[in-house]
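A, B, C, D and E are the chain letters, set down in written order, and residue numbers restart from 1 in every chain.
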Amino acid sequence: MAAMAMERGTAAEALVGQVVLPGDLLLLPAHYDEDAEGERLRLSAGTAPQGRLLCGPGLRRSGAGLLVTKCGLLRHRPGGGGAYWVDSQQKRYVPVKGDHVIGIVTAKAGDVFRLDVGGSEPASLSYLAFEGATKRNRPNVQVGDLIYGQFVVANKDMEPEMVCIDSSGKSSGMGIIGQDGFLFKVSLGLIRKLLAPKCEIIQELSQLYPFELVLGMNGRIWVKAKTVQQTLIIVNILEACEYMTAEQRKQALAKLSGN
Amino acid sequence: MAAAFKTVEPLEYYRRFLKENCRPDGRELGEFRTTTVNIGSITTADGSALVKLGNTTVICGVKAELAPPAVDSANKGYIVPNVELPSLCAERFRSGPPGEEAQAASQFIADVIENSQMIVKEDLCIANGKLAWVLYCDIICLDYDGNLLDASVFALLAALKNVQLPLVTINEETGLSEVNLKQKNPLIIRKHPVATSFAIFDDTLLIVDPTAEEEDLATGTVTIVTDEEGRLCSVHKPGGSPLTGAKLQDCITRAITRHKEVKKLIDKVIKSITPK
Amino acid sequence: MPLDHRRLCGPEESQPPALWAAAAAEDEEDEEGAGAAPRDPCALRPLFARAGLLSQAQGSAYVELGSGTKVLCAAWGPREAAEPGPGRLICEFRRAPFAGRGARGRPGAAAEREAEREAAAALREALEPAVRLGRYPRARLAVSALLLQDGGSALAAAISAAALALADAGVEMYDLAVGCALCRPPAPAASWMLQPAEPEERRAAARLTLALLPALNQVSAVLGGGRGGPPEDWAQALRLGLDGCHRQYPVLRQSLLRAAQRRDAAAATAAAAAATSA
Amino acid sequence: MAVEMEVADGQCRLRPFSCELGLLSRPDGSAAFLQGDTSVLAGLYGPAEAKISKELPDRAALEVLLRPKVGLPGVLERSREQLLRQTCEAVLLGVLHPRTAISLVLQVLSDAGSLLSCCLNAACMALLDAGLPLAALFCGVTYALQPDGAILLDPTARQEQEARAVLTFAIASSDRKVLMATTKGSCSVEEMQQCLAAAQRAASTIFQFYRDSVRRRYSKN
Amino acid sequence: MKATPLSNCERRFLLRAIQEKKRLDGRQCYDYRNIRVSFGADRGCCIVELGRTRVLAQVSCELVPPKPSRPTEGVLFFNLELSPMAAPGLEPGRQSELLVSLNRLLERCLRDSKCIETESLCVVAGEKVWQIRLDMHLLNHDGNITDAASIAGIVALCHFRRPDVSVQGEEVTVYTPEERDPVPLSIHHMPICVSFAFFHQGTYLLVDPTEREERVMDGLLVIAMNKHHEICTIQSSGVVMLLPDQILRCSKITAVKVAEITELIQKALENDQKARKEGGKFGFAESIPNQRITTFKMESAAVDTNDVEEQAGEIIAKADPPSEVFASPVVHTPGTAQIGEGIESSWGDLEESEKEEAAEEEGESEAAAFECEKVETEDTSTLKETKSDEPIVLSDSEEEEVVILEPQELPRKTRTQTSIKQENPSKKAFNKRRRKKRTSR
């Protein structure tokens, strides 16, 4: 049986940029083999030699190699031991520590707000986790408002917790999102693309006219332009990007700026 | 000590036993629990049987009624099996209408009847298009300690073997049916399907006739139903751990042996009540 | 289309064969009637009781009457309940579809459900005074009775069995509850009869089921009805019934003692086995 | 006629397959799967908030609902739901999302034979589309045993009716083991093993189809 | 599954856009979304897509006795289900208020408009008529379920063919499609629902609202009409403050929309009919949009099964042969038998005849004690009751449970009782006694 499993395995490097499916076995260069087990332990112990391989979302350790658990494109980042992960087109968000997301306030309960972030349970956000907030000076937040914040606690076993301040107590762009503008949802894959540094789509859009944009890792986008019409155009273009090639998008944009 | 270990780490506890090729209750991996059958205990039913597999206890009562055959199968009678898991058989079952497990078991029993052709529905027809027998086979689990399917199939078979149907004739002049309650005949049982269930442990080990505890810890189950000719009437593996064809073959082998045991048992018990 | 989609259904309607054998059926009834005539009205039926026989339930009991009535009971408790206040006793009564003579009971049918609900309520009436519910605040105790065969006096048997099951489950109780049924045959001036069989019950002019807490000598439930009679007549019935309860009590007690001994013996064996294996 | 020829070749054929991913806007994952004229639509929500009564402390609670096209779901649907759910559970890495609920709804669009295998394929594609973590893939394969003993792959409704036995397997992509098996009619042990071996062969073709579908879907990224 | 809440900014933005006569998807106020109709391989089966809202409809038929009040008319049955896949928050089997009102509306649109001739569905007056059943399933909810379902319903009814029947005397023959071509239903006209959503106290109205628009609307007006401009149903819900001329305006818009939709439906039906007639391809597989990257097709593929027989043979050959050794049954009493030894069960084992003697003996020794217990009761009546249990003997080797109700065939066990007779139950399912392995200790 083991031999059969090996047969299925393919060298990881050869598949970078290709579609992988759950159950696929990725083989790593031989020198990772011996110490594949206890990987994490050593990582945290800090005794690990440099060049430790990171195994990102959609992948699991399996014997000497990596087992794919999500379908999508295999990505690789060189440097250090390198990192592998799978980029997938998923819609449902699962909170991850450090992610910036847009939440909708669903309730105020005692000292915390409950926020819908699109995950499996509501996130909590303390009254005090806003810049300049004190017991007396509470932020003015209503049910139904949008909040842009960051996860400080997010794992499978605990209730996710958000804050709107960074480690130095500054808002750094987080907090309540304005009352105007519009909120809509796209796939998580598209959000990751939009958040990538120097994203072409955003650059092309910004040449149309000025607008404000907030991108949440949970697939939510808030956008506000000068007029309703302009806001709607941005919304429609971003939604359409889900299935457009760069070529098609450029054509569509050209048509718009022509108008 | 052992009890505490069992409570805290039930799976590890089992593994220790399985490694030694035995189970906490003293059985070997391929060993069934004591199987007891008693037939005819419910006099209000036309046929009945009580089957015990260790603690697991299942009772099947058959009631025969008359109805016109369905329009699209004018020469066939009906067999209507239903499995009930009442709240008294185990704590997790709620009162009220049958839940998923009971319904899945009912469907399984219906499939076994159909697949094995143990009773040919044509045999239940009295007058083509006019009158046929309806056999309601109600299987109730009284004590659920695992392996419901084996016990249910056996109880059904034993109860059907026990059924005595009164003679029904159609009066040619009046066209009405007449029932003679004094003259009773047994059903024609054409095949004797016997089920053998296995639990899969840790994706590899197969243990036969699992208890409720073993079912809980198992990663899957398989049920094989064979008839006296060694044909397969059902290979029922409702998901769970994957198995190879060779492992499945091992299950079938065990099932064939089990069939012989059970067949002998049922023959003997039927013989014991047949007036000589 | 109100079809039961959780059960396999046969044809929409079917009749028991006895319907087509009208003549023969009457004969049979007559025979039964004749057989019942010389019965001593004060006679009790043979009673078999056994407690602690189910492996999964915390407490269980099985009661069988000579007339063919078979009842199995399981009890659980206490379980945590959401609602505050003293403990609650949840009773369930189910009839196996094959329990009755004649047509098969249709589980889930409205009439069937109604009858079962009524019996469950009577069961609760009879048992509640016997259980120390105050000792189980915010908790639920549950008893389920399953009637496997109805040979008459089914509810009375269920009451006895349910009380045994609760006691077997280790629930704190003031007393056991013992059930007894009576009926008055249709014949004029007929006297009440203890523990009627199913045909007697079917023909009866009046019926009565009562539950007694024998040690306390208190009646916990009375359920009866039928063609009226003078109060003295009913008082007589009550006396007869109570007597019946008292006479059944030792047998029930005995079965509980047995169950307890068996459990102790099993525990000892297990301990011994553990000791040897260690 | 055509069937006989295929048998003579020692070959079995799958009907034309098609599949559309993510076709529903509301669910987190969706797929339509077609095998010949048999087609099933699958929609999946989750991992989402679980009802307290259904919550499991150590893994995601998976619920599978099978909706017939005519009438309400009955006992048959319930038993198939159990088969489908336990098959999905065997590959789903539910421990990664404890205390959540995953709900998979399958709607029969057209039953022209081999319905259960089509349900399995649609379910797996919906799991893929939703991006849930899976240890492996599975596919459904149905074989019919004809009265003459020949085996027939992916039978139509009529072929199923004429068959002596119909066997459906769910095959896992890892090592081609059997996840689920269910049979209708009776067959010999040899026949069952033959169908199983043949199903394992057919699985390779179906998994390749899965891969090609997903490749096409990601072709513009 | 909980539905995502609607944020304040979405609500405000949508309402502002409506005031500016702008819609999210770029439509004008009176524009309908794209309608796509696809047919299944079965007759009477279609999927209607209205934008992203999707409804499946299937018509089926069955011969049933007619309703007593209408002995010469067929029976119509309509049912819409909101499948839990259509949106989060829809639970299976729950009759929500929305579902009930939708079903009532469709019923009025399709039944009360008398669009289907029910007389032609009668086979034998008072005995057998066709019951036509229309099942609709909402598969994806993006607003305006009513219109999508009404279109799907009527299309499925038009597409349906029932088997032909003939009546000769009492004999009703139902023909298979091979014997005789199935017959279409006779449909007088096609009522179609058009929904209008109202905002800002009825100032603004939108045709064919999406789900988000429905979430911020004040009220809804549904008008069902056929292409002859006959209104079949009209219904308002929610807070609708309408002026008479607004209703008039809506009905004019409806007439235009209905004409367009009817034409589209007819074209779709014709295309499908043509494909079927000319032996072309039809069914859902044909309606999958090939150009999309989310779809993929594979032609019929061959699977090589050449050596499966050998492979199967090998597996069977390798397996151990079935064991020839197995337990033999022991009959305890007539009707009760057992195989297997050993494991104690709490139900107690059934009696074993050889041990009966032992029970007997012990029983004897206990008889006295037992009788004491019963003395009083036996005084008062001829008690037929027998004891249920043996009294307390805790001999560790043999402890049993006894059984009162002995069958007649074994009179020796009636012990002290003299009166046991006719009531002996005929079986002993529950006569049991505990048996311990003597060998164990």
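Methods note: a residue touches a chain if its C-beta (ideal position, glycine included) is under 8 Å from a C-beta of that chain, and two chains touch if they have at least 3 such contacts.
None of these values were measured; they are calculated from a predicted model.
Undergrad: Quickly list, by label, the chains bordering both chain C and chain E.
TA: B, D
Undergrad: Note down the smallest number of touching-chain steps it takes to go from chain A to chain C.
TA: Counted as steps through touching chains, the separation is 2.
Undergrad: Just by CA atoms, which chain is the most central one?
TA: Located nearest the centre of all protein C-alpha atoms is chain E.
Undergrad: Which chain maximises the distance between its CA centroid and that of chain B?
TA: When every chain centre is compared against chain B, the largest gap points to A.
Undergrad: Measuring centre to centre with CA averages, how many angstrom lie between chain B and chain C?
TA: Inter-chain centre distance comes to 28 Å.
Undergrad: Could you grab the centroid distance between chain C and chain D? Build each centroid from C-alpha atoms only and quote it in angstrom.
TA: Going by mean C-alpha positions, chain C sits 48 Å from chain D.
Undergrad: CA centre of chain D versus CA centre of chain E: separation in Å?
TA: Centres of chain D and chain E (C-alpha means) sit 20 Å apart.
Undergrad: Could you list which residues of chain A touch at least two other chains?
TA: 243
Undergrad: Taking each residue of chain E in turn, which ones touch at least two of the other chains?
TA: 292-294, 312, 315-316, 345-347, 425, 429-430
Undergrad: Enumerate the residues of chain D that touch no fewer than two other chains.
TA: 22, 45-46, 48-49, 71-72, 75, 78, 101, 172, 174-175, 189, 193, 196-197, 217, 220
Undergrad: Inside the complex, what are the residues of chain C that reach chain D?
TA: Residues 1, 3, 5-8.
Undergrad: Spell out the part of chain D that touches chain B in their complex, as residue ranges.
TA: Residues 75-76, 78-79, 81-90, 165, 167, 170, 172, 174-175, 177-189, 192-193, 196-197, 200.
Undergrad: In the complex, go through chain E and note every residue touching chain A.
TA: 4-13, 16-17, 20, 22, 24-26, 292-294
Undergrad: Report the residues of chain A in contact with chain D in the complex, numbered from low to high.
TA: 1, 4-5, 8, 19, 21-23, 58, 67, 69-73, 87-92, 94, 119-122, 156-157, 189, 193, 243-245
Undergrad: Contact residues on chain D for chain C in the complex?
TA: My answer: residues 71-75, 78.
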